[in-house]
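Chain nomenclature is as follows: A, B, C and D, assigned in order of appearance, with residue numbering initiated at 1 for each chain independently.
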Amino acid sequence: MGEYAVEMLHITKRFPGIVANDDITLQLKKGEIHALLGENGAGKSTLMSVLFGLYQAEEGEIRKDGKKVEIKNPNDANALGIGMVHQHFKLVECFSVLDNIILGAEPVQGGFLKKDEARKKVMELSNRYHLQIDPDAKVENITVGMQQRTEILKMLYRDNEILIFDEPTAVLTVQEIEELMQIMKGLAKEGKSILFISHKLNEIMEVSDHCTVLRKGKYVGTVETKDTTPEKLSAMMVGRNVSFKVEKKPAEPGDVVLDVKDMTVAGQNKKDAVQDVSFQVRKGEIVCITGIDGNGQTELVYGLSGLEPLKSGSIHMNGKDITKASVRERSTSGMSHIPEDRHKHGLVLDYSLEDNLVLQRYFEPQFTSKAGLMKRKEIREYSDRLIEEYDIRSGQGSSTIVRSMSGGNQQKAIIAREIDKNPDLLIAVQPTRGVDIGAIESIHRQLIEQRDAGKAVLLVSLELDEVMDVPDRILVMYEGRLVGEFKPDEVTVEELGLYMTGAKKQEV
Amino acid sequence: MNTKNEKKRFLEIGGVQTVIASLICIILGLLVGYIVLLCINPAGAWDAMTSILKNFLYFPRPEVALEYFGSTLAKTAPLLMCTLSILFAYKVGLFNIGASGQYAVGAGLALYLALAYQMPWYVCMIAAMIGGGLLGGIAGILKAYLNVNEVIAGIMLNWISLYSVNMLLTNVKESSTTYTMALKTNSPDALIPSLGLDKLFSDNRYVTIAIPLAVIIAILVWVVMSKTKLGYELKATGLNKNAAKYAGMKEKRNMILTMAIAGCLAGLGAAFLYLSGIEQWSCAQTAVPAMGFNGIAAAFLGGLNPIGSIFSAFFIQHITSGGSYVDKMVYCAQISDLISAIIIYFCGFVLFFKYCMNRKAKK
Amino acid sequence: MALLLQYTLIYASVLMLVALGGCFSERSGVINLGLEGTMVIGALGGALVMKYMGDLPAALMILAVVLGSVIFGMIYSLLLAVSAINFKADQTLVGTAMNLLGTAAATVIVKAINMGENVNNVSSSIQYIDQRKAFSAFKIGNFEVSWFMILAVILLIVAHVVLYKTRFGLRLRACGEHPQAADSVGINVYKMRYAGVLISGFFGGLGGIVYITAGVSEWKFENGVAGFGFLALAVMIFGQWEPKLIGLAALLFGLFRALSNVYSGFDILEALNIPSAVYNMLPYIISLVVLALFSRNSRAPKAEGIPYDKGQR
Amino acid sequence: GPSKSSQGTGNSDYRVAMITDSGDITDQSFNQTTYEACLEYCTENNIDFTYKKPDGDTDYARIAMIDVAVAEGYNIIVMPGYIFAPALVEVTYKYPDVKFIALDMTAGDIIAAAVGNKYYENPDAYEASDYYNVENTYCAVYQEEIPGYMAGYAAVKLGYRKLGFLGGQAVPAVMRYGFGYVQGINDAAKELGITDQIEVEYAYGGQFYGSTEVTAAMDTWYSQGTEIVFACGGGIFTSAAEAASKVGGKMIGVDSDQSPIIDAYGEGMTVTSAMKGLGATVKAMLDSIIVTNTWEEHVGKIENLGLVSGTDMDVNYVGLPEDTTQWNENFTVDDYHELVRKIYDGEITIDNSTEKMPEVSVKVNERQGSIM
């Protein structure tokens, strides 16, 4: 028995046209938390999928406890005690939490489910690891945090010794992230070995023992976390130094661009998601709305952009009443919107990049003739320009199908499209979610450039670094209401947290 | 090396792939069909297969063959319209299985106006188009506002239309038969004009301007889908209705519009057939018109491309008509249905073969 | 009244069985639009058994008929399984082709058999006058209960138990909702979908034989099954893909179908003198209205109709 | 191809082709009887025979099949059904050397096919012979109303009071049977002075085959007291027989003596059958062309085939089967012969129109639309 729980030696995995993993070696010690770091598309998820049996590597071998093993499918992985929390949760929405946990490893008698036995075991695990769940709740009705805990319980239920977490924190709130870090540390202390993927260096610094860095499918190196700094890590990952502190001049707010009064938006359930919210955004300032996911930010943006009607209240933009205006009218009168969910709203994934880049302006005379024919040549020129200016990387340029692009580049395309519209008001919702640090830097820079060009920017984010660094003003949202307003340099993260969880309140 | 590259590039062209994939499906279908024929009666299999494939060429005299070529074309026109109807909706992410019902309604209105009110052909044609469009629109509204799956709504509407049209057309049927009155004798103005086209096909009077019209409409559909703002919007709605809404498109309206246009196409198809006089509606009909279902096959066989559909619709009609020349003393009448059903089944594999070729070409 | 009940139950058994078939297939993620064709082929299987094994003792014969029809139904459903699961063909197209193919194939086969026996017998009918008598379980006055009705009820309960109480059911449903999730916990999605489609062949085939023996002792295969497969799909949706509700929906649809046949037994209805086309349309109109009212929160399996590709994420 | 099959194996210059109408040769009715008669005759005489089924229920498709048959070298074309009228109008001039036998074809059918519905406005203004080639075509129509009448008359005389008529589709031949049946019932009831005791259920199935739906409707009839049903339309009798077998109901067969096949559902179920000699006509015509050379006596005619003699039952084209009809003391074979005589002599007249239900004094419950 060696010191490694799992070794992945010289793994090479190719996809048509790309080497996703090129001779990568990763050794996971028993009882350690090992972080995996790399830009979007560096090959992290692929490597983990190989370990979990979702893909087969073309070259290289996997060793478990020093012995060579074959992992052909998740069943094999399970048998070897390897479990994975996927980047995109793999939960059946209409099943209960309990059903999701036992799926694939059901206790049965003659084919019939023994739910009581399963429930007992799950609740035991839940108590032991402080993983709060409601076993009978349907997954579609629970928070992302609980979904995450369900995924973790899924692994523990199978007595897995090696746990893979693929970007588990991308969708969690600060509190939930903190909780998760504690859970991971606890698991490691129990002797479980953990592989942890994240784009957030502070998390890696906090929990991991080692960190392996990948770049463009290649192995860059493995370092001991306690011997390194975020700066060093990012340099390893991107190949250059990345500045974390956002450089910006003080704001010079001008006229009011967006004026929201007593806005109320209906929610999924009986309760209104947004209640009597009023605020203003001026030219030349970035206002950030923050709060824990599910406190009405999404609906607030839907209301602003016209995706959902208001129940009451009014919206004025540049003095004009746009309360009842359609999405299109808002867009043409100067509103841009970087949506929260780029796959749901932001992109037509099966359209080409150029078609996506004109998604908000295809109807303008420069792209469509009077007869209704699309001006293909002009569209191509426009798209080529944006690709060049915003450094959108893709396989076949303008004609690339967006689905095949990496998440970070998809996001860049949206940002390019929305900014190039030259809006008076830019609404940016979670603009950096799931994007690597190099891209985060450039997105932040662009938001500030917009501000400096005299635009109004409304940022909606729950990424605390972003909330503290980018905006000029912070508004905290809790249960559909605005409960606090701050200047970034006059408030601490802890203070914000109190407002976000409803522990403190002020009249706004 | 160079030629290899060229070959590779040639294979990468979407159109080439579609044609090859469709040909593979046809060949597979014919092969399996042939095996079935062999199983039933080995002696007549070859003759039967050639009769099906020859269709009008079965006639030794060229002028007769030409005449029946014209008839095949006359029946291709409505099939092409149904194909376009299905294809159009499919491109927008909707499955218009209701084409049959829209077709029935088109036939109902066209024939009713022609026979009860002696309306001229263009009025009947427009009415058929509107009728089909309305029915399609209903399915669209149900989908857009009430989230009713359009396939199921389409199936229900097919039957409702069939029974309603039967009831309506009973008012204009021949007094001693179950058929609607013949247009030639009862409402000659309702017949689509030939403008001399019939002369090209040994005076086949069913060869009307419906045929070139159908081809023009196919080209029009292609232009709309790939070149216009409307096509851009509709396709975007089909691929991601949330994104369409986000981009300020009226996604509900687009969905309804799509189904309505699809319905118009199917309704027009019925007008093309019934106003050519080649067929009379039987008011005792208990099966939904097969045209709509054949259209599904033709749409896939044509690689979901409007231009490809012109050829695939012709091919499907060609073998359907060819089926009637099979020697009925050797094989029973349903054998031709069987062969075309087999080919239709294999049409389901077109996209798969295309995908395979794509992968091969990329490698 | 007894007649209305009788025919309601007859139609309900058919619709229930076929809808359950659709339910299993869709729960696994494959839309089976080819149930109409599957019914015809299943009916053919059962009819052939009656033709060739009609001399068996009643109980054995019934068993053999059921077996014959379900085996035929299952084999036929492989056409869908192979194309939709392995070749990722469009399920709606394949289903449609199967409907066309089912009637044509059954007719060709029966004609070949009939002509094989007697060159001049070109009919596509199979007769089973005596055999059919065995299906009657017992009679209460005018009201005749057939073994098939009893079987349908049993299978309804079995379907419910399988779907909600067994490991197989849980896994099947997972594949129709989120195949990637199922795959990631080691469930073979392809296998489960095969199972779903084969079960739909089982039920579809059984529904076919029940349909053709319901009211006649001779079936002409040219005529297919008169849209029952499609009606069953509506029953399935109305029943929200749940066996219990499918049972109720089948009863409702069966009632309307029966009413259109026996309305002349009711003086009020006869006095109304409504054309029978209206009665024929009723089940379809009602299902459309019902769908319009209840589809907003439709609980269709999320992944139905989408081919599963292991490699794709 | 046609060239190949034109070198037939038959030993005659004549080659016979039959075209089916909307049904198939398996319809247990019109097409099937014609097909079987042709096949039997041609096999006996070693003559090439084939049949063609159009690929759709359209005149165009029917004409196409005639074109094919002629192209293949067939020179006697048999067409069963009024539905061929438009085809007849078109092809008889086109192929002067081919001989056409059209069954169930009235002059009205031909004229309506040629001039449209305006024929019905003024039927007397037209002459059928203007519209088709009388040099090469023989048409025959059966007087189905006569056997229909006989069946209805006999049923009432035999003691049945609640009767039913189940047609296939509402096509002229079926309607003539049905309307004749109702007239027969009415006349018998009048003779017995029991018109108030008689009730007739009247419906079309909408199809020429049995199905659960039709059985359900028949169950309703029988369960409400209907004693006997005249099932008239191909295989639709199976549904009526099914329902009858459950309650010991009775049936009347159609076209031929159907007692053997209907009685499979229950011993003694078939009271009688309304027959017409379709097969006999086909054979007689083929014989007149091919063997006896008497075609000239028939060609150009549109014959009404019904009663040829008031006394010799064997030569009549229509009638009831004497051996299997369940005669009793109220209505004997002799009474039947008397009835035939009266009809032949014109003492009894039967309306043969198919426009609407005949005016009668018994109660007729006519169903709106067909069952399917």
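Just so we're on the same page, a contact is a pair of C-beta atoms (placed from the backbone, for glycine too) under 8 Å apart; a residue touches a chain by one contact, two chains touch by 3 or more.
All values reported here derive from a predicted model rather than from experimental measurement.
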item: Intersection of the contact lists for chain A and chain B; value: C
item: Shortest chain-hopping distance from chain A out to chain D; value: 2
item: Chain B and chain D, separation of their C-alpha mean positions in angstrom; value: 37
item: Distance from the mean Cα position of chain C to that of chain B, given in whole angstrom; value: 28
item: Length of the line joining the C-alpha centres of chain A and chain C, rounded to whole Å; value: 46
item: Two or more partner chains touched - positions in chain C; value: 111, 122, 124, 222, 226, 275, 277, 280
item: Residue list for chain B, restricted to those that touch at least two other chains; value: 167, 286
item: Interface hub residues of chain D, defined as touching at least two other chains; value: 24, 207, 369-370, 372
item: Interchain contacts (touch definition) - all pairs; value: A-B, A-C, B-C, B-D, C-D
item: In the complex with chain C, residue positions of chain A that touch it; value: 52, 54, 73-75, 78, 84, 86, 90-95, 99-100, 102-106, 108, 111-113, 154
item: Touching residues on chain C, where the partner in the complex is chain B; value: 31, 33, 79, 83, 87-90, 92-94, 96-101, 103-105, 107-108, 111-112, 115, 122, 124, 222, 224, 226-227, 230, 233-234, 237, 275, 277-278, 280-281, 284-285, 287-288, 291-293, 295-296, 298, 300
item: Chain C contact footprint on chain D (complex, rising order); value: 24-26, 28, 32, 35-36, 39, 201, 207, 209-217, 219-221, 223-224, 235, 238-239, 242, 246, 264-265, 365, 367-372
item: Residues of chain B touching chain D in the complex; value: 47, 50-51, 54, 58-61, 64, 68, 71, 167, 174-179, 181-182, 184-186, 206, 278-280, 282, 284, 286, 320-321, 323-325, 327-329, 333, 336
item: Chain B-touching residues of chain A, taken from the complex the two chains share; value: 16-17, 305, 307, 326-332, 337, 339, 344-351, 355, 359-360, 362-363, 368, 372-374, 376
